[in-house]
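Note that the chains are named A, B and C in the order they appear, and that numbering of residues resets to 1 at the start of each chain.
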Amino acid sequence: MGATADSVDTSMRSKTKPDPGLSRDRVPVLRLEEVSKTYEGSTEPAVRHINIEVGEGEFFSILGPSGSGKTTTLRVIGGFERPTSGRVYLGGADVTFTPSNKRDVNTVFQNYALFPHMTARENVSYPLRMRRVDRHLIGARVEEMFAKVEMTGYEDRKPNQLSGGQRQRIALARALVVQPSVLLLDEPLGALDLKLRETMLVVLRALQRDIGITFVYVTHDQGEALGMSDRIAVMNHRGLLEQIASPDDLYWRPASDFVARFIGKTNLLDCIVDSEGGLVAGSLKIAAREATDGPTSVQLSLRPEEISVGPDTSRLANHFRARVEEILFLGHEKELVTTVEDQTLIVRVPGREKIRREQIIEIGWDLDAAVPVKQSVDQTVEGAE
Amino acid sequence: MSSAIARRRTTVQTDGESKARLRAMWANLVSFTLLLGLYFFLYAPLFVTALFSFNESSVQTWPMSGLTGSWYGEMMSNGPLKAAALFSFRISLTTVAIGMLFGTYFALLVSRYVKRSRGVLLAALATPVVLPGVVLGISLLVVFRMASITPGFWTIVVGHATFVTPIIMFVVLTRVRTLDPSLEQASFDLGANRVQTFWHVTLPSIRVALMAGALLAFTVSFDEIIVTFFLAGVNVTLPVFVWNQLRFGFTPEVNAIFTVIGVFSVLLIIAATMMLTRGSARSSLVDLGGAT
Amino acid sequence: MTQTTTRETLSVSGKHGPPLRVGIRALILSPTLLWILALVVAPNLYLLVFSFWSNEIGTVVQEFTFENYVRAFTSEVFLTLLVRTFLIATFAAVMATLIAYPGAYLVVRKLGRWKLAAALLVLVPLWVSYLMRVFAWRIILGERGILNGLLTSLGILGEASDSFLYSVETVALTLTYIVVPYVFLASYSSLERIPESLYEASADCGGNSFRTFVHIIWPLSRPGVAIGFAIGFVIAFGDYVTAQMVGGLEGTMLGTIILQQFGTANNWPYGAAIGVSIMLASFLFLAMVSLFSRTEAQYE
């Protein structure tokens, strides 16, 4: 199973490709088909009609706010929950009812779930012992894994003698030691502090490239997902998939207002199509390339960084005078809350820019900058962070 | 062709599904049968005794000869029995009062004012609970004799207090551990002294645990026999009285007494559990039991 | 781990109010020390001292002697009872563990949100009269009891047997019944502490439920079970009521001799020596059990 790992098509990981998707001729490593799960004693499904295909060697993230059912999805893949309906395929075989100990999938648990009475080495050898691997083969393999996660020298420590980041590495080693076809990671960085999290992000990404195993990564942190993934599935509060796309597409071409708001910051403009076919948000006339035909109302997503500031914005398709209401200093940037007529727009300028409150500034954006998004089925969007 | 493949696949799937279901069903069936066996083993003897308290015959014969409530009537008119029961009540109430006072004090002391010697103190205080009953009984008896104290009401009370107080202490301790220390800090911050803080902040928040611990302690004290037997003087507690009756010949009345005591104790325990589970979500009888 | 400065450990913790002066601290501590001294240290010490005093026709003579221990460990009755009591207590503790541990495992694993209620139901008998729990077995096993009644009416026995009651086996069975809830309690609380994720992690690593139990669950719950087992043993070892009620002559236990020495035989020093032996045996047993069952593990 690990043999083909090195020959993985590198284009799979390319971020410049608009949507890597999956080529039709190859069987996906993992496929979820119409998976729904309703927990016992609950009337609301935790996840609904999930369809996901993950290719070999892909770094695939499931991103969503807490309670969006992303962990449930992962647990269905891992075999810890049976879906109420739908199917799970691993390498083309139906494993919907295969118990987790017989699935070629391993998990890095949220709290690592290391066995507290075993040393790090015993923890990492455990999966090999369960597979009845020859004893003297185990030693070498385990040693190799410790080297891979850079934990050589810590073999005889108990989990409680290790730091959070070290436990994390041991949990990774334990999950990877038998070279599963898919590795599941359930918010593995959630318990670490910011600095360690950044280190582990790099470690994870490098490890994944190195061994070429498919990663399915669950997180509520858009930064983690955008930074590491080949593709991301965004789930909403009701356990529905909003969009599956590459980080680039997700950010610049969000499919719904939910995605637009959940990934990064954005200005959402509720526009109606006026009698001349132009777009109007409140009393603001907006020029945009798309959506001049079709529906009578449309929502546009306009990223703050797409809005330019200064006198030379007059050449842009959209050009307005805005009043600065609030300034948030972020260091490298200043975030401005401005009002343009009756609309509020968030604008970003370099940190060195000298701007006061109540100043009138000129802003503008290009014809392509604002993209139309459809209404999400789920309207209770809270901030992503 | 393709539909045939599709159909074959669905049959395979449902096969896996039904197999998994069947396996789970068997496992559950076996589990529940075993558990029912455990509950039967635990409860059958108790129900048998309760049942026999209504047996007409004065010997314990199966099948029962007929139903009667007369043993309960006889129990109610038994003078020495009532005296023993009253004596037991007085003993247990006094013991529980002492236990509540010292139990709270120990719990607060151990959790607040002692750090390094906490383990030693807890172990020392809990020793009478883990000591074999006979040993605790005779060791106290020896001390009372050395101090020339004649056995009676107070020797029993002191004997009971040695194991009832730690029980209350542990119940209160589990509650104190979950208390937010900032509440007390706030109280000091607002100018209250230690006594005021205890009275207005600490005591109200441990009140429920204290009451539950007291109920639990009451049932333990009321039921105790092994230690009590050594410490009793002329007056005996209810369990010792019943035991003496059983040793010198059997009257079916004891079944009635047992049933009444049993029902009474279980009611107290249910009350204690309900108080605790309603008061603080975490504590329960399982924690209480851990104290005994 | 929280860091404690030496200052904090020496003085009173400042966490719960202003620091206390040394005098006040001593005042607060002294009732506790007095309690421990009077009710824990003194009784055990006096018992020990008593066991080394001699006895002359019912009166205690305060003269140091080994006589009581020599008498005990050369007395055939005492040695027989010691062995018998040890065997009965071991049997009761082992049986109770065999019943209670699987029960606790099933309650924790199978009953989900009902597990607390189910656990309480096992503990309820603890609060029902102790005598009642012992006496019930006389009703069941007596010559005219339920078991005989059932067996004769089913034709399995020609006539009622008197061998069910008043035997070593009856005492062992009754004591098993008495200590099951204690062992259950200890087993339940150690099993309940094991996080669900460890079961899942083991399955994830390819372990089936049997191997998960052997490699993960048993090592992690073993110390708790051992405590329950030891508590069961100590309770059974020091019991004399059960032996007297259902044991008859054949089922006499060590506790019964103590009762005699402090009662009709009126030889307190000898009784004290036996009491000390029981205490030492119990502690030795507890220490051994906890030594052999140790699993070093700390949950995250």
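Rule of thumb we're sticking to: a residue touches a chain if its C-beta (ideal position, glycine included) is under 8 Å from a C-beta of that chain, and two chains touch if they have at least 3 such contacts.
Just so we're clear, the structure is a prediction, and the values are computed from it rather than from any experiment.
**Student:** Between the chains shown, work out who touches whom and classify the graph as line, ring, star, complete or other.
**Tutor:** Contact pattern: complete, every chain touching every other.
**Student:** If you take the mean of the Cα atoms for each chain, which one ends up farthest from chain B?
**Tutor:** A
**Student:** Centroid from C-alpha atoms only, then distance chain B to chain C, rounded to Å. What do you get?
**Tutor:** 15
**Student:** How many angstrom between the C-alpha centroids of chain B and chain A?
**Tutor:** 53
**Student:** Taking the mean of the CA coordinates per chain, how far is chain A from chain C in Å?
**Tutor:** A distance of 55 Å separates the two centres.
**Student:** Where does chain A touch two or more other chains at once, residue-wise?
**Tutor:** 99
**Student:** What part of chain C is in contact with chain B in the complex they form?
**Tutor:** Listed in rising order, the residues are 4, 8-9, 12-13, 15-18, 20, 25, 28-29, 31-32, 35-36, 39-44, 46-47, 50, 99-100, 102-103, 106-107, 109-111, 116, 118-133, 135-140, 142, 144-146, 148-150, 153, 177, 180-181, 185, 188-189, 231, 234-235, 237-241, 244-245, 255, 258-259, 262, 268, 271-272, 275-276, 278-279, 282, 286.
**Student:** Along chain A, where are the residues that touch chain B in the complex?
**Tutor:** Its residues touching chain B are 82, 87, 94, 96-99.
**Student:** In the complex, go through chain B and note every residue touching chain C.
**Tutor:** Against chain C, chain B makes touches at 28, 31-32, 34-35, 38-39, 41-46, 48-49, 52, 59-63, 102, 105-106, 109, 112-116, 121, 124-125, 127-128, 130-136, 138-143, 145-146, 158, 161-162, 181, 184-185, 188, 194, 197, 219, 223-226, 229-230, 239, 242-243, 246-247, 254-255, 258-259, 261-262, 265-266, 268-269, 273, 284-286, 289-290, 292.
**Student:** Once bound in the complex, which stretches of chain C touch chain A?
**Tutor:** Per the stated touch rule, the residues are 195, 197-198, 200-208, 211, 215-216, 219-220, 295-300.
**Student:** For chain B, which residues count as touching chain A in their complex?
**Tutor:** 9, 12-13, 16-17, 19-20
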